[in-house]
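Here's the structure, in structure tokens; my notes come after.
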Amino acid sequence: MTGGVRAWLEERLGLEALRHVAEKKDVPVHRHTFWYYWGGMTLFLFGIQVATGILLLLYYRASADEAYESVRFIMTRVSFGWLIRSIHSWAANLMIGAAMIHMFSAFLMKAYRSPRELTWLTGMALLGLSLAFGFSGYLLPWNQLAFFATKVGIDITGAVPMVGEFLARFLRGGEHITGGTLTRFFGFHVAVLPALATAGLVLHVYLVQRHGMSLPPSVEDAGRPVPRMKFVPHFLLRDAVGWLAALGMLALLSALFPWELGLKADPYASAPAGIKPEWYFAWMFQTLRMLPSHIAGIEGELIGVLGIGLGAMVWLASPFLDDPRGRGRRARLMSALGVVALVYIVGFTLLVYRGPKP
Amino acid sequence: MERRRFLAWLTRIAGTALGGFILYPVARYIVPPATPEATTRRVLAAKKDELAPGGSKTFAFGPQPGLLIRTADGQYHAYTAVCTHLGCTVQYRAGGGDIWCACHNGRYDLEGRNVDGPPPRPLEVYAVHEEGGDIIVEKATPS
Amino acid sequence: MRAALRWACGLVLVVALAALAAHDTLAPAVGAAADTAAASPAPRVTTEKNTCLDCHRGLEGRLSAPTKDFSQDIHAVRGLGCAGCHGGNPRDPEMSAMDPEKGFKPAPAKKEVAEMCASCHANAEYMKHFNPQPYIFSMAEFRTSVHCKKIEEGDPKVATCTNCHGVHGILPPRDPRSPVHPSNVAFTCAKCHNAEYMKGRTVPTNQLALWRASVHGHALLEKGELSAPACNDCHGNHGARPPRTRDISLVCGNCHGREGELFAQSKVKETLEFEGKRGCVTCHSNHDVKPPTDAMIGFDGDGVCGRCHTPDSPGARAAAIIVPGFHGFKARIARADSLLIVAERLGMEIESGREMLKQANDHLVGLRATLHSFSLEPIQAALAEGSGLADRAEVDARAALRDWRNRRIGMALSLVVIVALIALLVAWIRGMERPTA
């Protein structure tokens, strides 16, 4: 019976062509193959976010009066609501972590070299969208921590020269964070960002299929022909192992460390002590915190924002800055830059959580 | 051969079990719970003839207690039951026709106005509707 | 003959002078001031020359003392200079300023002070110029006091207005420097009501020491709670007099409304009145009131019931029911609380349990007041209701803990399945990729 249904669908959807592409796709096998899994991991976690996000939409209410109460309702009254919500919060963090691992491994393996420049740029755009997802989603439970972390975050955005003020007002929906901000963030989080992310994903995945997996320079230099494994079923099965491990991780985290409700946001209360943004912004936060208030007459915060911005520009332009063959002095310099960036980000993130309190 | 078939069968079982572990919570989740929404705005406070005239009832309105009163003329009135003085739970005194706080002798009238004792502000008054056989209490919209 | 005439003239002169002097000191000040007030409704504001101060400032001892703090005196601030009370002419730099014809009144004797102050302060029409809602009953109250009685009897060591309020540097009671500000009142009373001053009298003199150690004294002096009672709040300001035995519970009940109300309706009040014993004070004492504790309930240890009830009385039988019920209720609350804390630490949401426990605690607070009804029925009803709430809070906490355990079991099971599946996949991969022989 399934054979008959399949044949019926075949005729109408033209699945044959898809199957052909899937069967043709293969993945190089070498010392660094492990890093190839992280793009798929990010995609898997994104899928989890979409699924749990849609489920949360069934009960969440995006107004300042009701947001907190609706999240509490989900956590206490809806069957397994605690599970869906905790998975959504934990998977968000895991997804961004996976995306960063994916980005750094792609960088250090110089996967951005021609003809994959656009893949790199779309990937960076997707990372930016993930951070935007994280930032907008964090406010939605409307608790004290989220409220003030958002306030700090948008205030820092306001420090960008020229467009900062406008950007901050656009994000906030006014001069202060209000219920209007919540509505706006909700719109970003469930409509605008998913639409952009879908477009970006389609482009990114298409480009990956079109150009195939890149080889790191060290493997290319070895000269030997590189063995390859079929995507279906070998690589996919291995992907599945990873995904199952991630699923187990999420079950563990959700049951042992359920995401807390916190206290309802009170704009008139003083900010709780130790306010900090989520970990993926922590390194930027720490950088700005450590800069002196003024450097050569210019505000330290401004220097910090500009510095980070400049760094991001250089990072984005890596395909064009690096040696096209990925060899030579320029290439070594870029790799060193990548390692420095990685150490810097990891180090400063740790400083926020483990370092001395300011 | 046998081993491979056994493993395949086992994989199918495990896969189904995993599917169950995923689908069961999702299925339970999408079925609405007993109270269909967070009781921030409106709540079912009582059934139609649960209260006799002159009776009262404390009900949960979100995390806070509310007070539902049925006066002698059969009318319903509802207020927050949190005293505006120091937060004790107030009660209805049918004899005196007032709402009273046992902690420090605060008194409110049936409009919720603070008429005696330490409470500095009136009680928030809620709107009451009868829908079918239910007495629904709702936060009053600012007029 | 000439000698007799000389004597007669001298006698007439002396008598006339004496009559004049007597007239001035004995003439009721009330009449004089009232006349002037009625004649000129506006207060006599002297803002310019005040020769009284100018001259007396330069004198010594007793005569310059009034000038020291007078600029701060509320009467001076309101525009009433020396002449406002003493009359005379403040613009005249000569001794003629103190002319009794011009209405001058020297320092009044103790008996006359109250009347002098009352000449303005009991006059509603006059006081309204300064305060739309004046307090004009001080004199009427004073007349009911022990102090006034003793003054009329001629006792010199008794307080009148100036002894408490000061005389030439009077500050309003609201001013923290005033001797009648709530934080200072007790010490002002104690200026006379101490062992040394009251030597030879039967009045007790340990009240200040007792009160300072009491919960009221601590609240007022250390925590700065101005609503806590000092001497005047229970004994009266101007009508200072210890309350009658059967009025004591009404006095305490002025602030402790609930307890006072319940007590007034209880049988205990009747019995105490009949026996001439003091309400409230019997269990709580009067000057050294200590913060009441739950240990006061019952017969054992700090229990106060034994002060009146014998161990075989109906009261004792009631206590035998109340005491274990009360402590049992507290134990239930404590148990529910500890379970809720455990659940919270584990990350479970227990809002409704917390809410119920809060209500149970409210009942506990109310119960401590309800005890003053000294009637078994309402106490048992409150105990039952409160215990019910505490139990429901505990049920909530236990359900949360059960939920938490179930979550872990579910998680463990799902992990077993996942790990099994991973192992099977790995086996499948290995099986597929085994190098063909």
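Chains here go by letter, A, B and C, matching the order in which they are written, and residues are numbered from 1 within each.
Operating definition for what follows: a contact is a pair of C-beta atoms (placed from the backbone, for glycine too) under 8 Å apart; a residue touches a chain by one contact, two chains touch by 3 or more.
The structure presented is a predicted model; accordingly, all values stated were derived computationally and were not measured.
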Per-chain Cα centre nearest the global Cα centre, belonging to chain: B
Pair exhibiting more inter-chain C-beta contacts, A-B or A-C: A-C
Distance between chain centroids, defined by C-alpha means - chain A, chain B (Å): 40
Chain centre separation (chain A, chain C; CA means) in Å: 64
Per-residue multi-chain contacts in chain A, two or more chains: 72, 83, 244
Of all residues in chain B, the ones touching two or more other chains: 18
Numbers and ranges of chain C residues touching at least 2 other chains: 351-352, 414, 418, 421, 425, 428
Contact footprint of chain B on chain C as seen in their complex: 257-258, 261, 351-352, 355, 359, 362, 365-366, 369, 413-414, 417-418, 420-421, 424-425, 427-428, 431
For the chain B and chain C complex, residues of the former touching the latter: 4, 7-8, 10-11, 14-15, 17-18, 21, 60, 63-65, 88-89, 102-105, 117
Residues of chain A defined as touching chain B within the complex: 55, 58, 61, 65-66, 69-70, 72-73, 77-81, 83-84, 244
Chain A-touching residues of chain B, taken from the complex the two chains share: 18, 25-26, 28-31, 33-35, 37-41, 62
List of chain A residues in touch with chain C within their complex: 72, 75-76, 82-83, 233-234, 237-238, 240-241, 244-245, 247-248, 251-252, 254-258, 260-261
